[in-house]
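Reading through the structure tokens given below for one structure.
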Amino acid sequence: MVTLCQQAEKSAAPPNSPGLRQPAQGNENQMNKKGYFGNWGGAYIPEVLYETFRQLNEAFEQVKNDPAFWQEYVDLMSTYSCRPTPLTHAENLSRHFGGGQIYIKREDLNHTGAHKANNVMGQGLLVKRMGKKRVIAETGAGQHGVATATMAAKFGFACTIYMGEEDVMRQRPNVFWMEKMGATVVPVTSGARTLKDAINEAFRDWVSSMDDTHYVMGTVCGPHPFPEMVAWFQSIIGIEARKQILKQFGKLPERVYACVGGGSNAMGIFQGFLADRAVDLIGVEAGGKGIETGQHAARLASSDASVGVAQGYKTMFLQNSDGQMLDTHSVAAGLDYIGVSPILSDLWEKKRVRFAAATDTEVMAALDLTMKKEGIIPALESTHAFVQAFKEAPELQPDQAIIINQSGRGDKDIFTIAHAFDDPSWKAFIRGKGADYAA
Amino acid sequence: MQLEQQLRAARAQKDILLMTHLVLGYPSFEVNREVIRQMVENGVDIIELQIPFSEPMADGPVIMMANQEAINAGATVKQCFEFAAEMAATYDIPFLFMTYYNILFKYGEEEFFKKSKEIGIKGFIVPDLPPEEGDKYLALARQYELAPIQIFAPTSREERMRFLAANGAGFIYCVARKGVTGKKSSFNEEFATYMARCRAATDLPLAVGFGIADRSDVETLTGKADIAVIGTATIKLVEEKGPAAVGPFIASLR
Amino acid sequence: MVTLCQQAEKSAAPPNSPGLRQPAQGNENQMNKKGYFGNWGGAYIPEVLYETFRQLNEAFEQVKNDPAFWQEYVDLMSTYSCRPTPLTHAENLSRHFGGGQIYIKREDLNHTGAHKANNVMGQGLLVKRMGKKRVIAETGAGQHGVATATMAAKFGFACTIYMGEEDVMRQRPNVFWMEKMGATVVPVTSGARTLKDAINEAFRDWVSSMDDTHYVMGTVCGPHPFPEMVAWFQSIIGIEARKQILKQFGKLPERVYACVGGGSNAMGIFQGFLADRAVDLIGVEAGGKGIETGQHAARLASSDASVGVAQGYKTMFLQNSDGQMLDTHSVAAGLDYIGVSPILSDLWEKKRVRFAAATDTEVMAALDLTMKKEGIIPALESTHAFVQAFKEAPELQPDQAIIINQSGRGDKDIFTIAHAFDDPSWKAFIRGKGADYAA
Amino acid sequence: MQLEQQLRAARAQKDILLMTHLVLGYPSFEVNREVIRQMVENGVDIIELQIPFSEPMADGPVIMMANQEAINAGATVKQCFEFAAEMAATYDIPFLFMTYYNILFKYGEEEFFKKSKEIGIKGFIVPDLPPEEGDKYLALARQYELAPIQIFAPTSREERMRFLAANGAGFIYCVARKGVTGKKSSFNEEFATYMARCRAATDLPLAVGFGIADRSDVETLTGKADIAVIGTATIKLVEEKGPAAVGPFIASLR
């Protein structure tokens, strides 16, 4: 079966930055020479990495134009992970809201539990081609770290993961798995000790280790060619989703929803529909405690962000008037980031993608509903997309469909979710375990 | 006088020039003031004033923490300008701004150049702004006659060095090794080859930085480079022994 | 893609108890009228359930002979779960052992993280046909409970899960998810407060609730028709695996390994190869602290078990000379059970399936190796199969293959695994969390 | 005398017979001995001795715990036989074994029948052994002239009841309601219909069990059934008030 699927995939997957290069789309989302998407992107890198980026660009250009590489990638993802991931018709939720048919793209069923696997395995194949022996990565919640550690184990690379000290403490389960997979996890003690600081730290490693080391950027951010490259690997989501909805529903969806941290899962699914002008694309950011509180991570859905350049690229950042980055907040660690993909900033500016924000509270309610109605546990990140989809579903007719990209599974978030639900039995359980381990 | 001329004049008097570095607002502008006094009085030839940035990607742990602390202590870009104006007015040596591109970008690049020129700053070091991204920056540098100091790294190829030099002015900042600021560099044969490559690529004065910490480092550089850059070493010194230790340290270097 | 896969599946899935009825197999594994496999099985049920079982048998007979039902099942599993699950070539492990090529059947990539989903979703469809409105289930570690709660949410059934009090305390994360999915979890305080007691309790519920309630037995045990029915649903594993290995490796495997708790994942994959006489089938039971210590759950791989009748069926039980069931032990809760599938007892007696045991210690070592070499985290249960496969892989040649059935993923077992590895950071983390929750 | 005749004889004297139940070895054989004495002295007509089993699937919480405790306390099948032998020798009423099939199976079915016959047991109640699974068991029952008591449930259809009755002897145990032992049954109209169905299906005496707890229950049954079965109620009583309370309780029932 797998191979049949692979063939279906094969004939359909343009080896050349699929979504970004669709003709109907014109050139507006195509990168110019300097790695820009419209006014956004670029490569603001220290001189010491110039040569490394030159080589990386070259290697990426090569694989992008090599259909065999894309095929190798699709094969790997269909035997090591579970691609194509299914598109699930959420019949109960659809009925519940009484509007459009809700379909869920199941990236949670990937190996390691999130869309992160797509990017990481793709970069792994690239690293193999480049002949490097070690990978490094930043991680926030730990999903990208676990995915990278997994890839490194599979490919036999040495692996170091940078993770904010705060996050190391909060996300111990993921740290445990990374270590068990053979990776070294380095707690980052600078800055806010979270994702952005881990990115800085990974760059600090890379500027001395680049000869044998590749930095596996976890999302569609950072200096060129990372945004384009990560988007390219993630485009597999949208390619599949478009075919699936046509097959299962018989026509295109009205709207496609995805949560936006850095933007990789969103770009992944959006690329499948960019050329379909009638399909409304909605990115959902972290509304945290509410936009008005300032404690959020809504770059494009709020008016709190402004154009800036940091971490190697130009985009909309949450920063103060001096250009110092702000602390962000979200119940979902993976959305808790100052910047956003330059590709999304471009699509936002061009009004091709619409943005909304979901608050922590709305997220917990949507999570609860989704578990109870469908037996599906989306990651807290993914649940943001569900919130907005639920708000809008009633606007549609039963013969219309929407797709929600479920970027990951929530059972990894048990500590956070059980805490957020303020579950007394969970607390008692943890207290008991803690007591067992005391002394 | 433009930066390059000023440095050549100084260099004519000394075997090697000393450039020092500090992070504005860390631990406070008061301490900055005292440290600079000690530096100038003990013969420092040029000073890099780092305007703190929250994401100092190219800096090592010591300078990174200094950036963070300065921001936490409330240092603003406006204060940095005021303080730099005071220093440039007080001392006769060249002062440079070192910072990351976002600080210029958010301030408004033109405004940043204009203001810097006004207060007597001589040039900028912006480690995350390669010439490819700096069209406007480089044009403004020419317009305002401020030196857009370029950086060479051991990984830079010859062609690349020429390109950088062509876009630079004042001097070239040669990063002594791969990696971030703050770790020791070993000035071995490989380093000598690297310096020869730098020299061959440009006529601009060469500064060498990253990990220069004592007299023997400075001696090793003498003859190979025009300027020795002391960065992390003084910051650590101030942290450990206070600003009063800076003068004797600087005096001991050369 | 999914539908292409579905079609491939369609043409291949015999709607009639596939593995158990393959002609080459003769009739030896076919059940006789009374629900026996050879000398094993039967339906030792209280009179009050007679009518319920009659209806269940009737309903099962109907769907078994209805190709549309099997198709509905396959469709559901390919859009709600991730079937076909991939067959992963474990290149690094193969190289490491220098013998046969090791392939891993990835049941861990199923929705809810284990093969349990196959059985549960299948029974869910059956319940829908029978028109019942409520499901109950026993669960040990909680995997089957989570799967059943998930199915109940999806189908809109009320759901009660019986779980030993011990297990409720040990497996709080699973309890949390069951509850969040809307199920009621009832801690069972009788007996050893573990799996077998939960089964008794579920029967106690069923004898009064059978009019509107179906008991979703979690494994290929219990009274007829459960063993046959669960085996039928699980046969999807073996049907896929056989096709996949032929496609990917070009010939049949020499050996197929599966862990055996009740025996459902083992029967699932074995059925694909029962008719292939040359394929050696190996079931791996829990060796616990060592067979010699008596603290294990090896029914067929030790000489500690004897024929008995309990929980509604005749099989080999770990019991004393009076017929009282013994306490069993395994690091893997899902293998920690007194009985074993009557179908497996039959295949064991007929020497078609060979049995081995893996100790807790061997399991932890194999888990460690698998994580580091392949970036894959098998469930502790599944890891038992890996242990035996690793022991035997060197006996084979590189042009021969073996398949290990990875019945589930291990990241759900974090509390157990981190504890078993005696991880100090984990303990510190839990201590810290515990302190946070101590008012 | 075979069980059925013995019961018919007793029934000729009384409107309704009382059958009681206890779990052997719980809390101890000593207590069992005292409880039985009180039962017999207060007019119980027949006693069910449950040999404890670790997986008493058809029993409710009280009897289930009693099974567990008896095993934990070390009660063996051998001891149960010894104790039953003593009781059957001491008292003139019929004693039955109630247990789950595995106990017979592991003991050896033939041996179990032989030994039971020897010590004067009159029949067996094995709730997890439907006739379909009981070929050997039923043959042995005929051979040893021991009653293989069959069970009717409210869910049993007419045809099924006839089939069960055909395979049974002694009496029929009519489970008063769905569910396990120990919960209250309500003897309503539905129950009356059920009893009528039972009566129509067999000529064997009818016992009714599950949830019978007091005199009013027994009164309700009188006329509808031949035997009222008191199970959980006495076990709870012994737990709460000790064996001495059993006599007065039994005396109060009829």
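Going by the order they are written in, the chains are A, B, C and D; count residues from 1 in each one.
The working rule: a residue touches a chain if its C-beta (ideal position, glycine included) is under 8 Å from a C-beta of that chain, and two chains touch if they have at least 3 such contacts.
No experiment lies behind these values; they were computed from the predicted model shown.
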**Q.** Where subunit C and subunit D overlap in contact partners, by chain label
**A.** none
Q. Where the CA atoms of subunit B average out and where those of subunit C average out, how many Å apart are those spots?
A. 66
(Q) On a C-alpha centroid basis, what's the spacing between subunit A and subunit C, in Å? (A) 33
Q: Could you give the separation in Å between the centres of subunit B and subunit D, each centre being the mean of its C-alpha atoms?
A: 97
Q) Between subunit A and subunit B, what is the gap in Å from one C-alpha centre to the other? A) 38
Q: Mind pulling the residue numbers of subunit D that touch at least two other chains?
A: none
Q: Indicate the residues of subunit C shared as contacts by at least two other chains.
A: none
Q: Could you classify the connectivity of these chains, where an edge means two chains touch, as line, ring, star, complete or other?
A: line
Q | Chain pairs that touch, as defined at the top of this document | A | A-B, A-C, C-D
(Q) Per the contact definition, I'd like the list of subunit C residues that touch subunit D in the complex. (A) 34, 42-52, 190-191, 196, 200, 203-204, 207-210, 306-312, 317, 319, 321-325
Q. Which bits of subunit C are touching subunit A when the two form their complex?
A. 1-5, 7-9, 78-82, 84-89, 92, 106, 109-113, 149-154, 156, 169, 172-173, 175-177, 180-182, 240, 243-244, 247-248, 368, 371-377, 411-412, 414-415, 418, 421, 423, 425-435, 437-438
Q.
Can you tell me which positions in subunit B touch subunit A when the two form their complex?
A. 52-58, 60-61, 64-65, 68, 71, 76-77, 100-103, 105-107, 127-130, 132-133, 150-157, 160, 164, 175, 177-180
